[in-house]
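I am attaching a structure below and will ask some questions about it afterwards.
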Amino acid sequence: MRPSNRTPDQMRPVRITRHYTKHAEGSVLIEFGDTKVICTASVENSVPRFLKGKGQGWITAEYGMLPRSTGSRMDREATRGKQGGRTLEIQRLIGRSLRAAIDLRLLGEYTITLDCDVIQADGGTRTASITGACVALVDALRSLQRSKAIKTDPLKQMVAAVSVGIYEGQPVLDLDYPEDSRAETDMNVVMTATGGLIEVQGTAEGEAFSREQMNAMLALAEKGIGELFELQRQALAE
Amino acid sequence: MRPSNRTPDQMRPVRITRHYTKHAEGSVLIEFGDTKVICTASVENSVPRFLKGKGQGWITAEYGMLPRSTGSRMDREATRGKQGGRTLEIQRLIGRSLRAAIDLRLLGEYTITLDCDVIQADGGTRTASITGACVALVDALRSLQRSKAIKTDPLKQMVAAVSVGIYEGQPVLDLDYPEDSRAETDMNVVMTATGGLIEVQGTAEGEAFSREQMNAMLALAEKGIGELFELQRQALAE
Amino acid sequence: MRPSNRTPDQMRPVRITRHYTKHAEGSVLIEFGDTKVICTASVENSVPRFLKGKGQGWITAEYGMLPRSTGSRMDREATRGKQGGRTLEIQRLIGRSLRAAIDLRLLGEYTITLDCDVIQADGGTRTASITGACVALVDALRSLQRSKAIKTDPLKQMVAAVSVGIYEGQPVLDLDYPEDSRAETDMNVVMTATGGLIEVQGTAEGEAFSREQMNAMLALAEKGIGELFELQRQALAE
Amino acid sequence: MRPSNRTPDQMRPVRITRHYTKHAEGSVLIEFGDTKVICTASVENSVPRFLKGKGQGWITAEYGMLPRSTGSRMDREATRGKQGGRTLEIQRLIGRSLRAAIDLRLLGEYTITLDCDVIQADGGTRTASITGACVALVDALRSLQRSKAIKTDPLKQMVAAVSVGIYEGQPVLDLDYPEDSRAETDMNVVMTATGGLIEVQGTAEGEAFSREQMNAMLALAEKGIGELFELQRQALAE
Amino acid sequence: MRPSNRTPDQMRPVRITRHYTKHAEGSVLIEFGDTKVICTASVENSVPRFLKGKGQGWITAEYGMLPRSTGSRMDREATRGKQGGRTLEIQRLIGRSLRAAIDLRLLGEYTITLDCDVIQADGGTRTASITGACVALVDALRSLQRSKAIKTDPLKQMVAAVSVGIYEGQPVLDLDYPEDSRAETDMNVVMTATGGLIEVQGTAEGEAFSREQMNAMLALAEKGIGELFELQRQALAE
Amino acid sequence: MRPSNRTPDQMRPVRITRHYTKHAEGSVLIEFGDTKVICTASVENSVPRFLKGKGQGWITAEYGMLPRSTGSRMDREATRGKQGGRTLEIQRLIGRSLRAAIDLRLLGEYTITLDCDVIQADGGTRTASITGACVALVDALRSLQRSKAIKTDPLKQMVAAVSVGIYEGQPVLDLDYPEDSRAETDMNVVMTATGGLIEVQGTAEGEAFSREQMNAMLALAEKGIGELFELQRQALAE
């Protein structure tokens, strides 16, 4: 039995709120149960040095947690003077995942920065970030199209992500913190709406996992991500 | 005429939402019009080194802005590797102001950290932070009393803050960003509920201000802060 | 009775020594009693990036204390790897204050950096810095005029500063360290020679202060700053 | 056809040289073709703060590349003042993987630090690091046992790693740099000698990959890692 | 002919002013011509971690230059966030040299920090620093003896330093900046009052130097340092 | 008697292996007994800002030690966030020494970076670095000539270095770690193949040294460096 009484293949309630803050070209509050992340997409009319003059754009991501988004207060990374390894790892993952959603040549020489800031954490912040950031990204692309800055929609396919794991020997979908902190295996899966895998990151926390368990987890992830694509679609249709 | 059509002595609508996030001992969303700040109070059962063994507590504050809380995206301080001068100045101000609200000896050897994180900025983020952090602080003190960690309420008096300024020659209350960015003078005032001044920080941006203008601004601040004390009282009564 | 036996409205002896070191375009040793600060003004033939091509100049300031300028040795900020919050706050204040003295458009595309380095500290280092830096700045402007780099004097008005406070319930002028460390309220006031206020920064250290006390402190500050303007005038006449 | 003329399931020649440097408790040079990594294991008689008094040990890892281990010179991380995101990601992976090899309670209050320094890079540095570090770790454990510092061997199982990928549509084993830089998908797999998965990190570089491709890659990884376990066994038998 | 019209073996006028600032246990202004350095000695009742409980003391040094001590303004090291290589090299040299003056066991568990801050630079700042710091150190030792903190004088021998060099083919003593910036060879020599060498650091700037030139420079250094010992003696006799 | 049973004027066995790694334009493993340093020379087609447009090249050096190149593990400088004073001092020395080998005008607008990374340390790492880096530099110059990037060989003269010292009262050549850690005096000498001195850095560790001892050490250094020039010559002739 899961601590939250969910069935093994049951996601937490997911909510996607667009236009959450007023300044950003895309601004989304995404909630996976008690996990809440503000995802903003900011457009800048330039590209990093290594892309100058190549006629293509860039997508990058940054990730942060408010110091008391967690059960006990964490040091503020701005105070400690650097982002930790976990933060860098997550923001690299978000950036790679979202670049897979876009044809960078159609974007033109624009950079879109996706800021994913965790307001409240309860497991699955990186997968919620990817799923929410993709909606914010679409809003930013629409704003570029409305202003005629770009003519063709650079979106190739939506991208979404979910965590799966082995909890008390059982493959489960969308782990919350009580599960995540005790899971034997934790896996994050990023997929495209057309069914392809973008990222698979599985880690044995306590003991090794088998090929069979891996396949069971991937099946759960496919199911959950399918639901997320539907929620993204509904949110963007409003 | 003010850009927002307010009268010179009119505050923006102010909203105080308690229990905004679930982990912190005190958690408040405060809104001064479009300015939105999450203020959390985190209790830690220890004190900084310089207070060890002195039988008293400590109140400290940290301040941050989400990168796209503003009209154009700012660099993330965690990425730049340090907090800027403005950030340090503001968090020192918040900490000093809130320490004035508390009898640190009655707090016992606890540290309460007030994190003020700006979700959306439209002028007055530091005064909203002080006003909201005081409510979060009271919630944290109540939680310490409920758990019998402390016996006597360390709160001496509520503290609130507002900005005033000279805008097109006219003293005005509670400047929003369009006013703030063009004001001749900008002043932040922190007061106690018993009518005393805690901090007065007035800066001539364009030209010097007179003693008369200073007095007019202080009168406006007193009026606005009076309204804020009433809103804090109502929020804490719920 | 003040520890120094001064009357409440009595400044410490103030000395301004021009041409204190030989390399800088302006170099002043200013002494407020035992507080000694070297203020140099350095001219650079360029402006910061955000002003490039706007046809105006810039004034900026940096502040430092020798490690043993104080009663017990402080860590060197260069060793700790960053400037502390107090240092940043003070150098921002000095820069803002001195920019109020100058018409930046008449300065042309020059940057003048004011370095205020405390050799010996006994209270009031920031107000001594502002007062001395203004004299160094005038010397730098004269050097630019002598070399025909600029034609019109960009100086709008002299600027000076003094601290006031409430010490044992009594408003006093120009606090030295024994007073400053025990004052109930500490206020720094920056004014122009034409009587306008540039900055007012009042902080209740122990208990709140009243509007009446604030007015009494401002009156003392006006008196003290008047004396400083006379001393600046005499120094620059030599 | 692979650039190196290898068959799809063919590893590069792998060499493991023990006792490569003289100071470390374990010191191994591992070569995967032209990729050369020095892996040292250093024993320290203490544990990190978060483990003090818990009667268990700790395994941690650090990773670095000599500035000219690569085709064009990279900046030295010590000069840039911080480790990059890729470095942090890799050393976190190495540490997690090696902790899976050990029963930390049997290690006692010792910390073993695995330093993996790349002398020459040609793809697969992180998988070579894990494979070589496991041999160095065993040498360090043997040294602890020889000196009677610990009585029971804390080694649970050997650990090894290899990269696999999709190159020109074809699943291939052990990518060298010419393949890695053009692969559609890149996956790193860490396994135990008993056949369990420790880490699976698959990334689509250009286009998404399918579940079938994932399975084909995992099968190749199992084959390659099997060969690595045999080479580790031979090296440790000498 | 030297730019300053000095003979090859002639030092610049040297002045040593004790008790230059009031807070430090030892405080000296030393002038080698236009080079001016404030040297303070600060006593702290503890030792660095690596010496705890060994019953001996420690001498360490820090060096800094005011930003406009030089002909063109240098960046402040506190602003750049780290001390440069030249600064670290010099303060390591000062510390080593002064430790040679002291029997650290007789000092007891005290640390004396020598801060050498260059107010005005005209060549030879490191040798002036060593020579002045030794006088400040003696004042700090006397203060420890007066307060009965230590019973036996830990001073073994005075230490002084001077620069020599090859300028236009000619060995010269005590180079000022115009010479130093064009010298073929630059050598700093630190000696004890009993005639021993503590440090010799010779660097060919343009072309290599011979053993004969080295001997000629050492002879000049001995002469100059002899004069410095006499000036130290006179200053300490006052 | 020396711990290694060498005679006072006997060097350790020295080996120079060219083409040690495959990517760099010059790559040398140099061994002074158990001290092993990888020296690479990397060519970049640009110069630092201060040399832009002056028609000359630049030689610079960086130095590092693998964390477990020493008897007990040192913190990694990339992890600590900065290079230590000793590292900066050594890499400045290597850079200065190698610049003395080259006519920078004949090099053209190229920068050659010499990376000296210590794989195993047993005393004399800086002198081994200089001696090995000079060979790597020659290989890089040859590669520039082969590719017709430069026409004239910029090498003026080979450079090599050795340490000498006073160990138990006796001048000795090429100190290993057991001697170095207990030597009374330690001196590093850099010379040109034509017999000139480039750098002499002598430091009294315990007690001062005399002019006679200095001359004896310089004579030993001349002998040892003569042998090193012969070994460099042989290596480059292969």
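Per-chain numbering from 1; labels A, B, C, D, E and F assigned in written order.
In the analysis below, a residue touches a chain if its C-beta (ideal position, glycine included) is under 8 Å from a C-beta of that chain, and two chains touch if they have at least 3 such contacts.
Each chain and its UniProt protein: A, B, C, D, E, F = Ribonuclease PH.
Predicted model, so just to flag it, every value in this text is computed and none were measured.
Engineer: What is the minimum number of touch steps required to go from chain B (Ribonuclease PH) to chain F (Ribonuclease PH)?
Structural biologist: 3
Engineer: From chain A (Ribonuclease PH), count the fewest steps through touching chains until chain D (Ribonuclease PH) is reached.
Structural biologist: Step count on the best path from chain A (Ribonuclease PH) to chain D (Ribonuclease PH): 1.
Engineer: Quick check on the interfaces: A-D is repeated by which of A-B, C-E or B-C, going by over half of contact pairs matching?
Structural biologist: B-C
Engineer: Using mean CA coordinates as chain centres, what's the chain D (Ribonuclease PH)-chain E (Ribonuclease PH) distance in Å?
Structural biologist: 50
Engineer: Among the residues of chain B (Ribonuclease PH), which are close enough to touch at least two other chains?
Structural biologist: 81-82
Engineer: Quick check of your reading of the touch definition: is the inter-chain graph here a line, ring, star, complete or other?
Structural biologist: The chain contacts form a single closed ring, each chain touching exactly two others.
Engineer: Put in order round the ring, from chain D (Ribonuclease PH) and then through chain F (Ribonuclease PH), what are the chains?
Structural biologist: D, F, E, C, B, A
Engineer: With touch defined as at the start, can you tell me which chain F (Ribonuclease PH) residues reach chain D (Ribonuclease PH) in the complex?
Structural biologist: By the definition above, chain F (Ribonuclease PH) touches chain D (Ribonuclease PH) via 21-24, 27, 34, 36, 38, 40, 42, 44, 62, 64, 66-73, 76-79, 81-83, 87, 113, 115, 117, 119-121.
Engineer: In the complex, go through chain C (Ribonuclease PH) and note every residue touching chain B (Ribonuclease PH).
Structural biologist: Going by the criterion above, the answer is residues 82, 84-86, 88-89, 91-92, 96, 100, 187, 191-192, 194-204, 207-211, 214, 218.
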